[in-house]
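After this come two complexes, each holding subunit A, first together with subunit B and then together with subunit C.
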Partner chain A sequence: MLIRGRCWKFGDNIPTDQIVRSDRVLLPMDEIVTHVLENYNPDFAKSVHPGDILVAGKHFGQSSGRAIAPKAIKATGVGAVIVEYAARLFYRNCFEIGLPILECTGITEMVNEGDLLSVDLVKGVIRNESTGDKCRAKPIDPFLMAMLDAGGLIALAENLSEQQ
Partner chain B sequence: MNLIEKILARASGRKSVSPGDVVVANVDTLLLHDLSGYLTARVFENEVKRPMRYPDRVVMVFDHHFSPPSEERAQMLEENRAFARRHGIHLFDCGSGNIHHVGVRHGFVRPGTIVVGSDSHTPVHGTLGCFAAGLGNNSHAAMVMPFGKAWFRVPETIQIKLYGSQRPGVVPRDVALWLTGQIGEGGAVYKALHFDGTFIKNLDVWDRWLFPLITIDVGGKCGFIEPDEKTIDFVRRITDRHFDVVHSDEGTDYAEVREYDISELEPQVAASPTLGNVKPVCEFVGKPIQWAELGGHGGGRLEDIRQAAEILKGRRIDPRVKFNIVPSSRQVFAEALREGLVDILFEAGCTWFPPSTGSNQAINMGAMADTEAMISTHARNFPGRNGSPKAMMYLGSAYTVAASALNGQITDPRQYLV
Partner chain C sequence: MGKTFAEKVMAKAAHLPETTAGQVVDVYPDLIMSHAASWRCIQSLEKLGTDQLYDVNRIAMVMDHTAPARTAKTAADQKLCREFAKKKGITKFYDINAGIAHVVLIEDGHIRPGMVVIGTDSHSTIYGALGAAGTGVGFSEVTATWVCGYLWMRVPQSIKVIIDGPLALGASAKDVMLKLIGALTADGGTYCSIEFHGSYVRGLSISERMTLCNLAMELGAKFAYVPPDDVTRTFLREHGVDPLDYEEIYPDDDAVYLKTVHIDGSQIVPQIACPHTVDNVKPIHEVSGIKVDQVFIGSCANAKYEDLAEAAEILKDRKIAPGVRLIVTPASRKVIERIVNEGIFDIFLRSGAVITNPGCGACAGDGGVMADGEVTLSTANRNFQGRMGSYQADIYLASPSVAAATAIRGVITDPREFLVKEGQYI
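On to the complex of A and B.
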């Protein structure tokens, strides 16, 4: 699976509360999506294009485990998230809802806002086409890769039940 | 194998498991609160679309709303009640207490079991020798309802050995706050944390509880304490439901062992924006606060209320401060009443709130304007959780919270404890 898009870059330790504010979680998704990460970059939700790549620093998605956070990022059209490392609940929820996420030490050093990036999920290779740099992400567990391929946990369980 | 590995192996029908294995394991209890329960119920009915096969394992606690603050939220709770009736799950309505305290006090958490939840602080249940992990408030949690199972990657385990004894005026919450800074935010991502050592062994269960509580905020998957006589006695007094205690094998390997001597610690305060910003109280002394609270996921225990009463007995809080006391369960309020603590704190100028999760996320209380600051026994201090992202949240022990409420500014509690 190859994903190619412009880089939107965010910092370290961003909690789920700041991806989607807790008083907005009951709103319809088309409203939530216009506020994603607005405290860090008000232009992001307005200007992000389908397939763009969200890059962030350490412990991305910490605090309350809310799948609404990856769901909202997915709804912006972001094709993949690449972080130095993710909070485990955020990481888990990304696969369950079908949003590709890679962990890659040094990624924030290697990319700048607006760079054109391409990501090969299977090989775990990330290329910065604007600078020519490339790096390798932590491999994705085969069980999680199958979950992504199916489109999320519910679809995976559906497939597995049919096979039995 | 250690306790976590043995529980996961047993629940997934395997002889053994190793770190890195992915297993699909039987789950004993799924804990949901009001808001996450609502979201999870929607996923269950609209996306999963399968029958509820395990209603007896599903527990919903209205804890972020002790009373609905708006028509919209009243409607949400009504839909939760209808969901509970439709599917026959356990429901604890407004005023029951905090999700985790209610779960424990009604026997849903027992040694050797698997407890999962939509709340990120679910790992706290490892205190009783469980495998307990948060799943987030969405699709996966709803999958427990038809399947009774969840997927887990077996984590590597770090042993955290605490030893030494506390100086006067220093309490287990100070140690837990400090330890969060020592391990670091993201210092244990995806790891299991085995809290161990003479300091932990000597604590009573509700003080031990403060340690697995920090697991999520250092990035961990689950935390646990090896069950002993205190644990078994504690659970036996609550429930006659069956449980099999699981112990770690002798001499199990750890990915890492970290040892800490807590003997020199002073009272600690963790200031916004993150839990890693924790320092001795002296570095914050004099910072103004307008709000004080015993509440949130870790607070409002009987131990916290006793500490506040010890400081405030016969004294009055600063008239500019609003000090809200939120018992973590109805049992805690009943006991506080019996011990005369309700009266002592009322006379000191405090306000008693219903058993709940208090102002965690400011859903039914505790929102702040951008110029305000609070000191509390909450589990978190991230910006925007209590109203304005500019408002400050300081976390401290109940001693430090009470002493600060006396003066309208952060105060070292030890001057009141001689």
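On to the complex of A and C.
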């Protein structure tokens, strides 16, 4: 699976409460999506294009395990999230809802906001087409890759039960 | 080579002879907890189109985050859960009168040593207080585990935290954890199992063990663990658990840890987590004097009986400062029963506090929120911006003693002023 898009870059230790603010979690998704990460970059939700790539630092998605955070990122059209490393529950929730996420040490040094990136999810290879740099992320376990291909855990389970 | 608690408990729940940190295994949890998000799990189940549950006795449901309902939508969500539990025969269903899931399940003897417990709440690490492995998962995963009985887990690496006691005057389990979170930072335990050892932990009350394990989540931990001992066994017996119904699990002496951290409890002073992150921790003298508008004594971290008793000791025969709002939200109905019986309810009432129904309350932003520019000192476990109402508001986190002292003075106050003057510990 190849994903190609512009880089949106965020910092370290961003909590789920700030990906979608606590006072917005119960809004309908079409409203939530216009406010994603608003406190860090108000332009992000307005200007993000389908397939763009969200890059963040360490411990991305810390705090509450609410799956609305990765869901809202997915709803913006972001094609993949690449982080130095993710908070445990956020990492799990990304696969559960079908948002590709890669952990890659050094990614924040290799890319700048607006760079054109391409990501090969299966190989874990990330290319910065703007600078020519490339690096390799921690590979995704095959069974998690299957979950992503299906579009998330429930979709995977639906597919499996249909096959039976 | 020896094994950690996490490696042993994962092997047991995965029905394997052994596991090693880093390995991914299919784990059969002994208990699957869902709270206010249960309606989402039920909707996912409907989407799956199956009616078969793996084992209904492993399911617990607690209506805690937004209780009682304030909107028709929440009321409908809770109705869905109530009807589902009845239809499926879920006996561990707790309605809006019970309290916070973590505390209720421990009080009612549903958590036992050696269990693996998953929950739709990140603070599920709290179950380590009884030597169980508890961790948070998303709601679709709960749904899938209801049906399949298992889920994937990566066996975590472990960090050994050795705390030497006793603690200094005015310090509590909350201060120990804030100190640790400040030192290791919010990602210092990401994906790890945190084991608590040392002379402070041995013989410690279950309430304080719950505070330790609850706050381990704020290090990014997957599990937390306190080795079971006689305190654990007595607690379980008193809460109706038969010793034959559990298996205590201990790490080996030569288990391999990612790192070992030592804490000297005698050197710990009251600690405060300052806005807007839990690891922005300062000793109390650096922040005392900051004016507060509201004090919240609540949450799964610090609203158990012992926590309320600790606050009441300082509030006894005193009034809160004019203009300050003190909100007390006991963790469970059983906690309320006990504070009523022991006169602690009256102490809060006479001090000028408002006492709410049991549950998550203001910690989850359900009531007790702030206006722009306001400040709350809270005994909860999170202080991220916007968690309690306005984005232009500050949350400080501290122990129940600090909360009580602060409510009386109206500014962040070192509780030792009261404890020493009363001569209680001299």
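Everything below uses one rule, namely that the second predicted complex is superposed on the first by the 161 of 164 C-alpha atoms of A that agree within 3 Å, B and C clash if a C-alpha of one lies under 4 Å from a C-alpha of the other, contacts with A are read in each partner's own complex, and residues count from 1 in each chain.
Definition applied: a contact is a pair of C-beta atoms (placed from the backbone, for glycine too) under 8 Å apart; a residue touches a chain by one contact, two chains touch by 3 or more.
Nothing here was measured: the structure is a model prediction, and the numbers come from that model.
Undergrad: Between subunit B and subunit C, positioned on subunit A by superposition, is the outcome a clash or a fit?
TA: With subunit A aligned, subunit B runs into subunit C, so clash.
Undergrad: Touch test for A:Y85: subunit B only (first), subunit C only (second), both, or neither?
TA: The answer is both, since A:Y85 touches subunit B and subunit C.
Undergrad: Could you say whether A:K134 touches subunit B, subunit C, both of them, or neither, answering first, second, both or neither?
TA: neither
Undergrad: Touching A:R6 in the superposition: subunit B (first), subunit C (second), both, neither?
TA: Touch status of A:R6: no partner.
Undergrad: Name the contact category of A:H35: first (subunit B only), second (subunit C only), both, or neither.
TA: Neither partner.
Undergrad: May I ask you to decide whether A:I154 touches subunit B, subunit C, both, or neither, giving the answer as first, second, both or neither?
TA: Touch status of A:I154: both partners.
Undergrad: Would you sort A:P15 into first (subunit B), second (subunit C), both or neither based on which partner it touches?
TA: both
Undergrad: Tell me the contact category for A:E96 with respect to subunit B and subunit C: first, second, both or neither.
TA: A:E96 sits against subunit B and subunit C alike.
Undergrad: Output check: A:K58 vs subunit B and subunit C. Expected answer is one of first, second, both, neither. What do you get?
TA: In the superposed model, A:K58 contacts both subunit B and subunit C.
Undergrad: Show which residues of subunit A both subunit B and subunit C reach, each in its own complex.
TA: Correct list for subunit A: 13, 15, 17-18, 21-22, 26, 39, 58-59, 62-65, 67, 85, 87-89, 92-93, 96-97, 141, 143, 152-154, 157.
Undergrad: For the complex, which residues does subunit B have touching subunit A?
TA: The contact residues of subunit B facing subunit A are 22, 35-36, 38-39, 47-48, 72, 76, 118-120, 134-140, 143, 147, 151, 153, 185-186, 189-190, 216-217, 219-221, 274, 361, 363, 380, 382-385, 389.
Undergrad: Mind pulling up the subunit A residues that touch subunit C in the complex?
TA: 13, 15, 17-18, 21-23, 26, 39, 58-59, 62-65, 67, 85, 87-89, 92-93, 96-97, 141, 143-144, 152-154, 157-158, 161
Undergrad: Contact residues on subunit C for subunit A in the complex?
TA: Contact set of subunit C toward subunit A: 24, 44, 47-50, 73, 120-122, 136-141, 143-144, 147-148, 152, 186-187, 190-191, 220, 222, 277, 365, 382, 384-387, 389, 391.
Undergrad: Give the list of subunit A residues in touch with subunit B in this complex.
TA: Contact set of subunit A toward subunit B: 13, 15, 17-18, 21-22, 25-26, 39, 58-59, 62-68, 71, 85-90, 92-93, 96-97, 141, 143, 152-154, 157.
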